[in-house]
């Protein structure tokens, strides 16, 4: 739902034959467990959901904020969640408030988001960016992102990795992660959830269970640790057990390419 | 009772400058573009536009100078990203400044739900800690009356002056079947003070009454019914025509700059008289290419006794 | 994933003594009598029963000694008047005392709506000044946070332990099409912690997916699916069979006195093993006389693209 | 919806050929204006609605609390609002909360109710009657009555006329009329509505616009004023312009008998 997802960098990693977008789709798909109820966004998260469903989470169910619930995948690539192929064969096409009710009552395991900015505590900005010269960039806004970030069991975010997109603190907090750190969610009254994973074009960040701060958990092939650190707007900590991000398998790649044959989303 | 009138009459009679308007209630499907374009042609100004997700219709109305206030959860080009007129208005006051009061999808849905239900507000568990809540006077932090330790966001009811809804079929009294994406349509039709139905097809009431569970809007809340086939183009209408992706990508490219938008507006809005004229301009080949290719009727449902 | 099991297994697995249960959510249509009778046969006790309108199913469960608390808007025999077991329990503690916490239809609907939405309460404008409000701790007078002079009734959310829903057709995963009266079914299925679907017909998922707008209950909230044709008798199921008015008038006459009710219970509940046995007892002539006489299918609806 | 309506006395007035129930149906139908949105109960009010629709209110719309909206009348006599003939040919069959939303937001002009008791200020009891010996009679409860009485534009009630059914003050206030008198509705926070008309087996009572007290407006054929007064639980005032209730016309009677051919409801 966020334009940020459209801006994911289109560079492919030089030594392998997959694009960065494909890697991100694969990494995102691995965050979905079987039987989970998933609040799916468009673009890469949708492909990740479809991939997971095909390979390791056949009984995962997709919820879309327009009111659509799908157990079986659509037969065509979607450009919006309102495309007719996303209705045909859906399990249920109901009101937005009904689907949001499932979210609000804690039935959604995981939600996927993009954003203009994400900060150290996993807060997202999809509303307004104030640049250093004081000028503003108006982003499209929350859509359902702030609701999903408030109410889903956990949040996976997909982002382009750059210093200006990953500030220490978002200039506008659209979608709550851990706010200012431990216990913030409880203090403001949020009943569950929080940022679980941040998949960028350079690595995968996770959140420390105590400090709630994002740390680097895996690093993508051919990405330099120093580069990641310099392209992050705060002093990024790394896992004691920092590893390479597992490469996509041939099977994963072939499904992704079947899902997006013209690389509209995964170029 | 027949409420069937032309689009031009419907807009003239039921939309006034200064009104608040809700029109994109199915999100990316069934967007009433033909109504929005007529609003632009009639030079209606100072509108407040409400929506959960606005695909580019609201962007066009902003660029045409009809809008002074937005109350949206999301404004953009869903497939492509930015809505450039919206950005120009907010970032550079072009063509004039607009006020933006941000919502999320759920809080907009709750505001309209409360408006439909005739209650002054709805509580939600969303947006606690979000800057959206801080910047919107219609969102208040409250405690549950049943457990004072439980924090909630109270969302004030919204009752827009006008609601415009594109549906697959309606009778002349306005009772409407619509399917596919529903979004917040049902609530919005109850919440709005005046309702305009734009229908792909006008049908006998017996068609509506053959399947009362398919009725999403009852005629008793409807003020005008307009028959405007292809009125939702370039957005899709389930079972009638598909989304014109190319039209959205072209719009995106052509409206990056203000001048490009002005040319677009001249060509597609000012340059045509009504939707039938617009369809002629689109051309039969384009329309045919968008029509559904494979029939997938709903399974039969028995209402007899 | 198949959740298809027998009624006896479903009740054994998902209904426990002490539970709160909601089951008459379509009001006078599609009442899950076959499930209620199995609850009686299994000797489940101390239930709390919720409903807007209960036709005689709840009366039977009260008379059978399954119920210690009622949270209803209305309990009776809709066509005839009194529900005698309910009256005997309240007026004379027969077979034992029951507590009654009164609601109105709208406030019960709001309690279940709040439960479905995952919010702790819903505000309404109803019941101000009514003794119902004074006698129910889950109804509180509050002021609107947006205008302190505005008085409202806050209705506390209800999330019953179990919901049982009779539908026309469901797939094995529990996704259900139902039509005709809907009442509060959609909300109740979301609000309940466990959901049992009782279906006239088990269909392939492709049938459900051919008309996603007809789906009232999504499989993801369902725990068990039971195939029990004629399971709603004597209540009607739109498009399948009609209301057995005579059965209701006979019940009314036969249950005026406790002894008459005991005989009725012996004959129609304890004396039969399951719904198929009950149908045999009813007889083919009776079943045929209730089946629909004239087909009135819903008009075709196109979902293709 | 109320069992009280089932107890309406089955005596027919001796000198004419219509039953009291038929007279009440006719009187109730005259309370419905064309184009009105009517919250219809079962039994006599439903017949009244159908009669009005046939004769003088063809565009009146019926709402039923089970979620049904009808512009055209059902083809058969209904025993409950959930009977399949009440769905077939309906304009809309939706959720209870949607129909109740129309009510709550002020779109319903008039609601019809019955009750176990009605008092001087038009308050209704359909919940619990405490008899003089202290024993209780449990009635079925509000159903939608309390909501309709709270939220409709005006209320018409149909009742058997007897001293025990018309006490000065109801023993349990299920459905609010004017509470304890003028301004009570405003004081408790009700935003509109109130008792408009009480059609009994002896006459038609209306409510004084200032005192909110019920007074006798018309008296049915062959009913004695003293009898009405003695069968009313408070000192019943009468209109300065007390008239006879207009008799049903032949046309009205013939439609009522067509609607209820076996006199199930109108015996």
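Which chain is which? They are A, B, C and D, in the order written, and residues in each are numbered from 1.
Criterion: a contact is a pair of C-beta atoms (placed from the backbone, for glycine too) under 8 Å apart; a residue touches a chain by one contact, two chains touch by 3 or more.
All values derive from a computational prediction rather than experimental measurement.
K.L.:
B-D versus A-B: which has more C-beta pairs touching?
P.N.:
A-B
K.L.:
For chain A and chain D, what's the span in angstrom between their mean Cα positions?
P.N.:
58
K.L.:
Roughly how far is chain C from chain D, centre to centre by C-alpha average, rounded to an integer in Å?
P.N.:
So the centroids are 28 Å from each other.
K.L.:
At what distance in angstrom does the C-alpha mean of chain D lie from that of chain B?
P.N.:
Here chain B and chain D have centroids separated by 41 Å.
K.L.:
Give me the residue numbers in chain C that touch at least two other chains, ranges are fine.
P.N.:
In chain C, 118-119, 124-125, 150, 152, 179-180, 182, 186, 213, 236, 238-239, 242, 292, 296, 303-305 touch at least two other chains.
K.L.:
Two or more other chains in contact with one residue: find those residues in chain D.
P.N.:
68, 83-84, 87-88, 93-94, 97, 100, 103-104, 151
K.L.:
Hey, which chains are touching each other here?
P.N.:
Every pair of chains meeting the touch criterion: A-B, A-C, B-C, B-D, C-D.
K.L.:
Within their complex, state which residues of chain B touch chain D.
P.N.:
Against chain D, the touching part of chain B is residues 1, 115-119, 173, 175, 186, 190, 205, 208-209, 212-213, 215, 218-221, 303-305.
K.L.:
Quick check: in the complex, which residue numbers of chain B touch chain A?
P.N.:
26-29, 52-53, 55, 72-76, 78-83, 86-87, 90-91, 100, 102-107, 109-110, 113, 124-132, 141, 150-152, 179-187, 235-236, 238-239, 242-243, 245, 292, 296
K.L.:
In their complex, what parts of chain B are in touch with chain C?
P.N.:
Listed in rising order, the residues are 118-125, 138, 140, 142, 144-147, 150, 152, 154, 156, 177, 179-180, 182, 207, 210-211, 213-214, 236, 238-240, 242, 292-305.
K.L.:
Can you list the residues on chain D that touch chain B in the complex?
P.N.:
Result: residues 37, 59, 61, 68-69, 71-72, 83-85, 87-94, 97-98, 100-107, 151 of chain D touch chain B.
K.L.:
Taking the touch rule as given, give the residues of chain A at its contact with chain B in the complex, in rising order.
P.N.:
Contact set of chain A toward chain B: 1, 3, 6-7, 42, 65-68, 79-84, 87-88, 93-97, 100, 103-104, 127, 135-138, 140-147, 150-151, 172-176, 179, 184-185, 188-191.
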